[in-house]
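Note that subunit A is present in both complexes that follow, paired respectively with subunit B and with subunit C.
Let's look at the complex of A and B:
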């Protein structure tokens, strides 16, 4: 009798959409927060210019808003760091090494892993559901 | 988790703006075809796609009438200055938690545009 294999992860979000063309990053961060609050195990695979979201050089805060310079907003790298710290066993953020190298974007915040694209199939295989959020 | 989340087999997430008369249909055709074939279908409008409540209300209303669950992201409406917008008949507001529940439904098939 074969036994059902329980996927290691509940959800894989493959993010290739560029960060600044729309509010897609806001949507993804909202979904990460909501799925993790539900106790799900979630991983992100960032490709293309989405590899820039976790660069260490982004620092803790976004550049100051000149209309309201006293208000500071955390960078995506800082938000991802927060999520990794809050959910060390249930959340992972992977960066595609090829895309990162192609963009000179290899220095990421702690906890973010840089992986060969040849490992992507393994990420899909280990997830119950894969959602591809694309965009050139 | 609600009943609709437990039975949702196809979740179509539209993020791009569209109108009924611009040659695009924002997944409406796919949603209608899947529902017509007997599948459970949820159409989720997020980001610019929420503006379809104004540009294609008739299409959305007909989809709801055809058995498609039409959900409109309230956060995206607020970001676009559309609080309290009137939704097409049969459509409902949703939030990140409910969308998360849909994505985590066992066996769900998600298409994101």
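Let's look at the complex of A and C:
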């Protein structure tokens, strides 16, 4: 009698849409936050220009608001870093190596891994549910 | 004859929260207005919502903190009006989205923005943002 295999991850979010054409990044971050709060194990696969979201060169803060320079706002790289720190065993952010190389976007914040697209199937197989947010 | 350099036309409204942050399109318009000799604005399509009075929305909270600033197009529009920018909003697109002219921010003029095309030659440039 075979035993049911329990997936390693509850959710895989595949994000291929570029970050500044629509509200997809907001959607992904809110979905990520809500599922992690519920105790789910979540991994993100970032493709295309979404690979830029975790670049180390983004620093901790976004560029200053010239109309309100005293207020500083965290970068997406800092938001992901915070989530990785808060959920070290339940959250992973992967970057597609091909897309990152194609865009000169290979240096990411600590904790973010770059992975070959040829192993993408393994990410899907290891997740109970895959949500694909396209638009690349 | 207009003394403004640019007519800025915006047709695409909400473009995200974390993505946009404080730099919504009308914030950009303020920079163009100040740097390039003055601008006027036309809001069409879903961008007519920028001119509709509405309650403030909270910033997006991710984890323990806020994920950047929230866009405030209505605040940006009011600042533009204070700077002397003239703004029109398309009446038909307002109606199509279920809004009336009485819900528009004071100072913004509801109009048939297609007819505004007759004024295009008055500007050095008509830019579609």
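One rule holds for everything that comes next: the second predicted complex is superposed on the first by the 136 of 136 C-alpha atoms of A that agree within 3 Å, B and C clash if a C-alpha of one lies under 4 Å from a C-alpha of the other, contacts with A are read in each partner's own complex, and residues count from 1 in each chain.
Simple rule for what comes next: a contact is a pair of C-beta atoms (placed from the backbone, for glycine too) under 8 Å apart; a residue touches a chain by one contact, two chains touch by 3 or more.
Since the structure is predicted, the reported quantities are computational estimates derived from the model, not experimental observations.
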Touched partner set for A:30, first subunit B, second subunit C, both or neither: both
Touched partner set for A:68, first subunit B, second subunit C, both or neither: second
Touched partner set for A:38, first subunit B, second subunit C, both or neither: first
Touching partner for A:129 - first (subunit B), second (subunit C), both, neither: first
Subunit B versus subunit C as contact partner of A:76, first or second or both or neither: second
Which of subunit B and subunit C A:22 touches, first, second, both or neither: both
Partner chain in contact with A:90 - subunit B first, subunit C second, else both or neither: neither
Partner, of subunit C and subunit B, that touches more residues belonging to subunit A: C
Touching both subunit B and subunit C, residues of subunit A: 22-24, 30, 33
Residues on subunit A engaged by subunit B in the complex (per definition of touch): 10-11, 22-24, 27, 30-31, 33-35, 37-38, 40, 128-129, 131-134
Contacting residues of subunit B [partner subunit A, same complex]: 15, 46-48, 75-76, 79, 95-97, 99-101, 103-104, 106, 108, 110, 112
Contact footprint of subunit C on subunit A as seen in their complex: 19-26, 29-30, 32-33, 36, 62, 65, 67-68, 71, 73-76, 79, 82-83, 86
Complex interface listing, subunit C residues touching subunit A: 14-19, 21-23, 27, 30, 60-69
